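In what follows, subunit A forms one complex with subunit B and a second complex with subunit C.
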Partner chain A sequence: MEGAVADFGRSLYESTGINLTILYDEFDQKRFISGLGMTIYLSSLSLIFSLIIGIVGAWAQGSPSRVLRYSINGFITVFRNTPPLVQIFFFYFGLGAILPRVEDADGMMGPLFTNVQWAIFSLSLFAGAFNIEIFRSGIEAVPNSTKEAATALGYTRLGTYRHIVLPLAIRVCLPALNNNLVNLLKTTSLAYAIAVPEITYVSKQIWTDSQNVPTMMTLLLITYVSLVGVLVFVMNRWERSLAIPGYGQGGGK
Partner chain B sequence: MSDAFASPGRPMAVLLPPRAPEPIGFPRLTWRHGLFFVVAAVLIASMATAQTPPAQPPASAAEALSTAPATPFSVIIKWSPLLLKGFAFNIVISIAAMTLGTVTGVILGLGQISVNPIVRKVSWFLTQFFRNSPWLVLLFFAMFMIPFQFNIFGVIMPFPDWVKAIIGFALPVMANVSELLRGAIRSIPNGQWEAATSLGFTRTQTIWQIVLPQCVKRMLPPWMNLYSLITMATVLASVVGVTEMLTLTAQVHAAEGGRPELFAPLYGFAGFCFFLYCYPIGKLTQRLERRFNVKT
Partner chain C sequence: MATAPTADAAPAWTPDQPIVSVRDVHKSFGGFEVLKGVSMDVKKGEAICIIGPSGSGKSTLIRCINALVEVTKGSILVEGQEVNDPKLDQLALRRKVGMVFQQYNLFPHKTALQNVMMAPINVLKQDKREVEERARKLIAKVRLTGKENSYPGELSGGQQQRVAIARSLCMRPDVMLFDEVTAALDPETVKEVLVTIRELAEEGMTCILVTHEMKFARDVADHIYFTDKGVIVEHAPPAEFFDNAKDERTKTFLGQIL
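On to the complex of A and B.
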């Protein structure tokens, strides 16, 4: 099997000039797969954290405390209106330089957080700021009478939020959420700038080593488009499985 | 929204006299904005001073002047003309990319509703492809795939890297505008098309004289949103070696001796510039959205 793929890669190179080194060069293949894994790892972790930030933030935005509301709004405003790359640089170079250095497993003095951790951190905050807005719009779409009915039944504020508002809100805001998560997946390519070995980074390494820029570039684009395709497929399935007749986009089907 | 009903002192919203629509324009500055900027400035400044290493007690005033390291704040002040020039370049790139992307995007969007199935499928594919790939990768794509000069009938046309960056940013704009246009056209009621046909308009006339003018209004808020996104994305050009604000920020940092405590204030300043530019656009977009929502 392995040999067949490698032979196919070599013959493709000889007959057409399309140099897919990842098919026959074991080193490149390993790099590419690990880069793909890193992209998936980055995007899934920051996806989960950004969803948590979105849910908690949207809840805090409706809180009676003014200070909490204003600080959440400030957080959203700042993160929505500054470039994500500047955010990543700010966290990685700026805050990373201030934090104390700790001893790592090899006994060397290393930074407290690695570049991968900083990338996850800043990407989650970036996508989380958008998620808060999205969840808020969903929560606002839940009719007040529903909330009042929940209060009348003796639900606390948190209970109403968890059991009544959020399940309905998620259905309303799924299309927008879908969009933002696709955006997050695409934004993970920015981690390239702080040398996180994700797929853009390894592709660049491969095309510098093997001089096959157009091929690798096209492959990279196709990889991203298919990753986004998988995410959209999963989200659409989820949307359909959540659909309640008469609620949200999937309603009535 | 809910307090209009809840507060007992106020009459119900329907009983209130009709209000004139809010004037559209630059969001009026209130004391809140002033407060925000003061807080931001104090934060940056305090972070800057907190990070200067504690200076040894100088032996004399003259020595203090000569040996004290420049505070981050003074570094920013000193280099701000250069950094702001870089920022202006970012704006130029964003405007050019937006113009190019909008023109091509409208063509692609019209292709998506074409009666010719081949044109329709090709435009759909191009839109989806460029919409779903990361901007950084598209930028790489434009940077490496476009030759650095063209030879047209013996005339050598140079293609500097910033022109290629503009094309790289115009690609995602094109796809997004195309999708926006398709959505806007689909939101025009079918009755409009039928009415135009019954009045003897051809398809081209219907699109240009009836449908598109209505689309402009619907597309304006998301289009402005897209503009603010593309402005923020222009810093990506630093990754592929175009000299813009972030490149200059890194150079300034190196020129000041590469002290690690300078990173946060310098990048904070870069972020602050973008914030000052994008925040009003975002506010204006929100206002337009609200206003158009009321009308339709």
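On to the complex of A and C.
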């Protein structure tokens, strides 16, 4: 590779022994960037799906239907009481193996879902189970009298949830939600176990090929710190934008 | 397809009939009977005050009128529509009956104006611009012009309660229920809320109030109901009620608070 960055990478290696191959080796650089992209992709999709699971699940938890409530609680129990790595294995090797195989574009028989799809599925359910409980804590903080006022104005249960309970609940549970989403981002590294080429997986490939284990390890740590830093920054901005004058954290405004 | 009138179908309601008609209503919470056979009639345009000691079932009674509380036994007709009917169209009932609560219960994440506009837009699917025009007029009516963009947390109790009244009125109800709306307010702000309610009553809005403001009840009400231990002990026009109470329990109660 040519250029100032590549030259800097090579001279850094020569002068200090810190071997950042991703700065001057095109192959390493490409797979590192694609690994970073895959981690962001996994995180974003599972984050969105887990939020949807949380919002819908928390609503269903308050449903008059006992079957629905029990199903939700069963789902939470299973996904909260098992390690995420085991869940990923269960879906990819367990469930994936018994599903029918389908013909792909080249006429080859392949699995119904790819490892990336299974990882998103599994991580969404894992974080979603926690999100349901987090949203529930927020929902329970909304006074009954507020919901009663909505009912008296003609809102249905769903309308009350959508327009009044959820917007208030989100504000209450944002700090806890923050934590869980940070956890979710870090848990994407477990997709490594089913060969999803995310940042941990590609870093391991790079340090195996280039023999720069300490350097890549450190870089991997810094990468996660930065990714989580961005997420926390965004979440904090969101939290501030939701603050209500005269209410909760917005009280001092 | 038009359905044939059934034998038990109520005849169409006309404005000369009571707008709210409560007949022998019982309500129990668990094993405790809060209402033990209450009946009352409210005519269109009347202001009714329900007074009585704590725990006598006043709030439960008016909560039954807009089906926030389900009655155990008895009948409540609002404009001829049976409230105690499992097939009740709750939205149709609630657009006829507005309610204001002791603790205001505004939506804290919405401004005063948004609080007033929300339900007509979300529930009645009315045009936003038309609702906003109406909401601004109502806010002016409750003397809160300039506070449209304040959040409930930035308003005083009396101001919040007036927003709550405007919020109910924006649904254009035919009957307004007031559940001890001044009980959480300090004495100075009580007046500003009572003035608003008095204007409403004078404009001909049908008002049913649970209140401890005896002077207000005397000035504004067309009729006073006194409840104790789940029954209506007596009812009369205010002059007669306050000066000439017949029942011993009423006399004791009035003796304690006047």
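Observations, loosely collected:
Throughout what follows, the second predicted complex is superposed on the first by the 244 of 253 C-alpha atoms of A that agree within 3 Å, B and C clash if a C-alpha of one lies under 4 Å from a C-alpha of the other, contacts with A are read in each partner's own complex, and residues count from 1 in each chain.
Note that in this section a residue touches a chain if its C-beta (ideal position, glycine included) is under 8 Å from a C-beta of that chain, and two chains touch if they have at least 3 such contacts.
Not measured: the values here are computed from a predicted model.
Look at A:149: by the touch rule set out above, it reaches subunit C but stays clear of subunit B. For subunit A, the partner touching the most residues, choosing from subunit B and subunit C, is B. Of the two partner chains placed around the shared chain by superposition, neither subunit B nor subunit C is touched by A:6. Once the two complexes are laid over each other on the shared chain, residue contacts for A:187 go to subunit B alone; subunit C is not touched. In the superposition on chain A, no contact is made by A:176 with either subunit B or subunit C. Of the two partner chains placed by the overlay, only subunit B lies in contact with A:85; subunit C stays clear of it. Touch criterion not met for A:40: it reaches neither subunit B nor subunit C.
By the touch criterion stated above, A:221 is placed in contact with subunit B alone, subunit C being left untouched. By the touch criterion stated above, A:235 is placed in contact with neither subunit B nor subunit C. By the touch criterion defined above, A:167 lies against subunit C but remains apart from subunit B after alignment on the C-alpha atoms of chain A. The contact sets of subunit A with subunit B and with subunit C never meet. Those residues of subunit A lying in contact with subunit B across their complex are 74, 77-78, 80-87, 89-90, 93-95, 97-98, 140, 144, 182, 186-190, 192-193, 200, 204, 213-214, 217, 220-221, 224-225, 228-229. Interface of subunit A with subunit C (complex): residues 143, 145-146, 148-156, 159, 163-164, 167-168, 171, 244-247, 250-251. For subunit B in complex with subunit A, the touching residues are 1-2, 36, 51, 128-129, 132-138, 140-141, 144-145, 228, 232-236, 238-239, 246, 260-261, 263-265, 267-268, 270-272, 274-275, 278-279, 282. The part of subunit C that touches subunit A in the complex is made up of residues 66, 68, 90-91, 94-95, 98-99, 101, 103, 105-109, 118-119, 122-124, 150-155, 164, 167-168, 171.
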